[in-house]
Each structure stands twice: as C-alpha cells, then as structure tokens.
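Order as written gives the chain letters A, B, C and D; numbering starts at 1 within each chain.
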Amino acid sequence: MNTATGKELELLNFLKDLYENDLPFNRLIGLKIKSISLEKVKTQFSMHADLIGNPVQKTLHGGVISSVLDATGGLVASAGIIQRMDTDPVDTVLQQFSKVGTIDLRVDYLRPGWGAVFTAEANIMRSGRKVAVTRMALHNEKDVLIAVGTGTCLVG
Amino acid sequence: MNTATGKELELLNFLKDLYENDLPFNRLIGLKIKSISLEKVKTQFSMHADLIGNPVQKTLHGGVISSVLDATGGLVASAGIIQRMDTDPVDTVLQQFSKVGTIDLRVDYLRPGWGAVFTAEANIMRSGRKVAVTRMALHNEKDVLIAVGTGTCLVG
Amino acid sequence: MNTATGKELELLNFLKDLYENDLPFNRLIGLKIKSISLEKVKTQFSMHADLIGNPVQKTLHGGVISSVLDATGGLVASAGIIQRMDTDPVDTVLQQFSKVGTIDLRVDYLRPGWGAVFTAEANIMRSGRKVAVTRMALHNEKDVLIAVGTGTCLVG
Amino acid sequence: MNTATGKELELLNFLKDLYENDLPFNRLIGLKIKSISLEKVKTQFSMHADLIGNPVQKTLHGGVISSVLDATGGLVASAGIIQRMDTDPVDTVLQQFSKVGTIDLRVDYLRPGWGAVFTAEANIMRSGRKVAVTRMALHNEKDVLIAVGTGTCLVG
C-alpha cells in the first residue's frame, strides 16, 4: 500500500471531480466518489425511479450495474497511472487520463438489485505499462453482494 | 428460421412495448426496438449529451454501450422463450418474462463510440430450457463496429 | 461456513477421487485436490515439459491455466450441490454430479506462468438452484498471482 | 481481405510450424493448423481418450476446449502483426511473436463436446497497435457448434 504524495492527492482529486461532474452519464446515475487512492476506489449512488430495469420487481437495471462497475473500474485504473504520469505541463493531465479506456468488461449479476444505496468498490489486480486488470463488486446498504465484475483497461 | 404465429407476434409486440415504455432506464437512453423476431432483435438510439462518457472526445459512455447490449441481449433471450410459454391466463405472461435475467455479460469495447445513431443487434447462440447464450454487436450509422458482447441469461 | 457431516464428507471424497482419477485430461495435467469443502477447493499441479506454452520463456500454456481454473471451479460448484443432493440410491450420485457443467468461463492471464508448483483456489460467489458463480485464482509456489477467473456453472 | 506477400507467407508458415511443433501442450492435444492467413485461422484436432472430461458422457474436457480456443485466437492475433513486423534480422521474429500473449479469454460452452474431429476458427475483430480482439468458434465434424470464445491479446 502506497501513501499518496501531495502531487498525487491533487491528481486523485482531479479525477474525483472529473468523474463526478464532467461525465454526463455518471451525473445521470448520480455516481459519487466515496474514497479514492492509488489502488482502490469506492463509489456510491442512490436508487431512484430512472434506474429501474425490472418494472415488476423494481430492481436496478442491469445496465446501471454494468455502468457503475465500468466507471469504478476505469477510475481505479486511472488512479493507477498517476505514479508514472508526466504532470508538466499540467494541461497534459486530462489528455493522459482520457487515454485510459476499458477494453473489455465482464459483469456477473449475482442477486436482484434491491436496495436504497449502492456501493461499488474497485481494486487493481495488476497494473502493467499497457494494460491494467481490475475487479469490482457492488453491495447494497445491507451489505448484500449484488454483482461482481472484472475489467481490462488500456493504460498506456 | 421460424415464422411467428399470430399469438407469437402478439407476445413479441408485448415485449417491444415493455422494453420501450415500461423500463425507465431504457427510456432514459431512448432505446427503440427496430425489429424483433423469435431469434433476432435490433434496437436503436440516438446520441445526446447525457450519454457522453469522455468529455474530451465526446464519445458514448461505456456504461451506455453495456446497458444497450445487455438490454438487447435480454430482449432476444425473452423472445426466445415465447414458443414454449404458457400464455393462459394472460396475466402470467409478464410474470414469465420478468423471470428472464442476465446472469453474466462480457462487453468488448472495440472502437470509440462516435456517431449520431447507434444500432444494436442480438442473436441467440443457444437457447436451452434453463439458460440462453446471446451475442450482440453495436454499430454507428456509418456501419463502424463499436462494440460486441456475449451474454448468458437465465430463461427457465 | 458449514461443517460437513459424515455423509457430506463421503461425497466430497467421491468428488476428489472422480476429479483426480477418472477424468483423463486432469490426469494428463497431473491435477491433485489439496483440500475440498462444501464452499472452497484447492488444487495443485507441478510444472513439467508437456505443459509449456511459450518455448522461449518456458512458461505454462494458457490452456493449462484455463483448464485448471475450469476444473477447480467446476469442482467447487459440484461440492456446492452436495447439501441438497438426493443420495439414495447411491448410483444416482455420479449422475447428479455429471450434470454439473461450466456454462461460461472468463480467465485473466495476469503474469507469465513461471514456477515449479501451482495452486488453484476456487470459491463459490453464489450458489442458486440452477446456476452457481465461482471465482478462481492461480498462484505459483512463491505466491505470485498468475491468473484469476470467473465461471458460471449449471448446477440443477 | 489482404493477399499475403511472399515474405508474409513465409512468416505464416513459421507460425504454423511454431504452433504445431514447438508448443508441447499443443502437441499433447494434437492441434493441427488447417489454414492460416493474416486475418483468419482454422485449427483441427481429433478426439482421443486423454481429452475426455466427463467420464459418463465421454465428452471433451472443458479445458481442452478453452485451450484450443485460446491457442487458435492467439495464432490469429500473431498472424495479425505480421504486416507491421520488423523482420530484419530474422532472429527477432520469434522474439516478436513470443511477446503476443492472451490477456483475457471468455469461453461459452454451448453444447456437449461430442465428436470425432473438431475444428476451431478464429477471426480478428479488431487489431490495434497494442491490443487485438479475436472471436473463436469450435464445431464438430457434423458442424454442430460446441463452443464460442472471445479473447483479448497484447500485440505490441
């Protein structure tokens, strides 16, 4: 576990702001970053009517689940490149982050998406120079595991 | 290739209406069913500001792509159970459809999601009594292949 | 965590014997069951010339890795049905186990397969009446994580 | 569709020889390259007792299926880098090919692996500078589709 330096904390905050405020689809879901470090990210969102996928059971749409796992995995993969980023001049930072992209994603829908508040957690399994592999999990507020996922991201 | 009977066409229309109008998250994306048969489904949606994932490149959010592939795959898996559905009394129809659910999904993000109108197509690879496997593809209006996916659905 | 009863231990031993001795391809790899419970399985195998996939780097063939993750995941999914198995008459036991089958598998090759002895571990993420989802990991004797996987199995 | 030049044909033959003769685990399975081009590969193998995974049904081991899909996908990804390879001096060729590696693989086991002769086909869905995505299918000699797969390979 690494402790982030001042410069790194600044870049983590930049990422937090980018994901919460500048990505329209994340705003639509209401995705908030609860915590972010160089190796782990937690995000959270609340149930609301727009997110329903099953009109009978009133559960989360599978697409909301995959969107949140994708975003949370992409966020931790982005955090993972901070330590080797070229931050001078500062305007290249967004450019470097915008090159991080999901190549593929697997989502396992384990249980119906019932709940009021959902928390997604993402960890880096491996961070290479070109590719990072991340694992994600989504729990509701009663700590029921609703879905897990694995993502492969291009990071360089 | 099977030709749908009158009863089957009625159920396909029921599914079309369900997916377009009764699933809030599909409405949010603006997902329309272009065509639906017992073995193949085409859906379509248009780019709008809410669906952007990359603020620099103005491309589709990965979550929009996975949501649409998930929904289109789930739709064809639902269509695939029509031939063996018990449709009497009619109020069991929604109940039977609402039991169809994605177990897992893989999405491959092949190219950036640029475009104005996107079309997703889903086919059934195998339809068993318990599980169906579907394959999906997303193209833009210039027929550029943006993503492919594979889903496993519980169908019985 | 459940403690296995005498009957359950008997069935776990039956599975161990089946996987080690009656599945020719597992014998070819030299796969041994190190431990088995109703929720977790550990298997092990040693490097030998036949298992090489990269002649330059002398590392494990990707297919050996996916085979071992598949087998170890299938084994834990089989163990997972023991508590609700019908064991009378005893000759239905093999029949019930032989219906357990992998529906789909994802393997993430994280690091080159270097090593002398490899250990795979599988856990059940969710065990339903029809489908079980398992997660697997492969380490070498220096505890380097070489690969992870996720499998979906039909169990009923 | 590209037509291979003389230099390219030489490299395709080099790959064919490498996969058939120099990878011990492919020899164990008895994997033969039926055809190879810059964009598509067909491989073939015959059933034999060592490849059995289900002693009751006498079907292919899931690991054989995933191994063959992995190898066939890796082969087409390797073929895909030929057009931009640096072939001078010639001893760097093996080095370049040996850097191609599967990052992740999804296998869908659609039907039991019954048959005498199995054919795997792999296509490139996308070939980038760093990553290639491939899709594979396995049929038996009666053209029954037994499994499909999707692989992501590092190619640069």
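We take it that a contact is a pair of C-beta atoms (placed from the backbone, for glycine too) under 8 Å apart; a residue touches a chain by one contact, two chains touch by 3 or more.
Just so it is clear, the model here is predicted, and its values are computed rather than measured.
Trainee: Please state whether A-D or A-B has more C-beta contact pairs across its interface.
Mentor: Answer to which pair has more contacts is A-B.
Trainee: Go ahead and note the Å separation of the Cα centroids belonging to chain A and chain D.
Mentor: Whole-Å distance between the two chain centres: 33.
Trainee: Please compute the C-alpha centroid of chain A, do the same for chain B, then give the distance between them in whole Å.
Mentor: Taking the average C-alpha coordinate of chain A and of chain B, the gap between them is 24 Å.
Trainee: Chain B: which residues touch two or more other chains?
Mentor: Chain B, residues with two or more chain partners: 103-104, 106, 108, 133, 150, 152.
Trainee: For the protein chains shown, what form does their contact graph take: line, ring, star, complete or other?
Mentor: The chain contacts form a complete graph, every chain touching every other.
Trainee: Residues of chain B touching chain D in their complex?
Mentor: By the definition above, chain B touches chain D via 106, 108, 110-111, 125-126, 133, 135, 145, 148, 150, 152.
Trainee: For chain B, which residues count as touching chain C in their complex?
Mentor: 103-104, 106, 130-131, 133, 150, 152, 154
Trainee: Under the definition above, what is the set of chain C residues touching chain D in their complex?
Mentor: 18, 22-26, 28-29, 49-57, 61-64, 66-68, 70-71, 74, 94-95, 98, 101-109, 112
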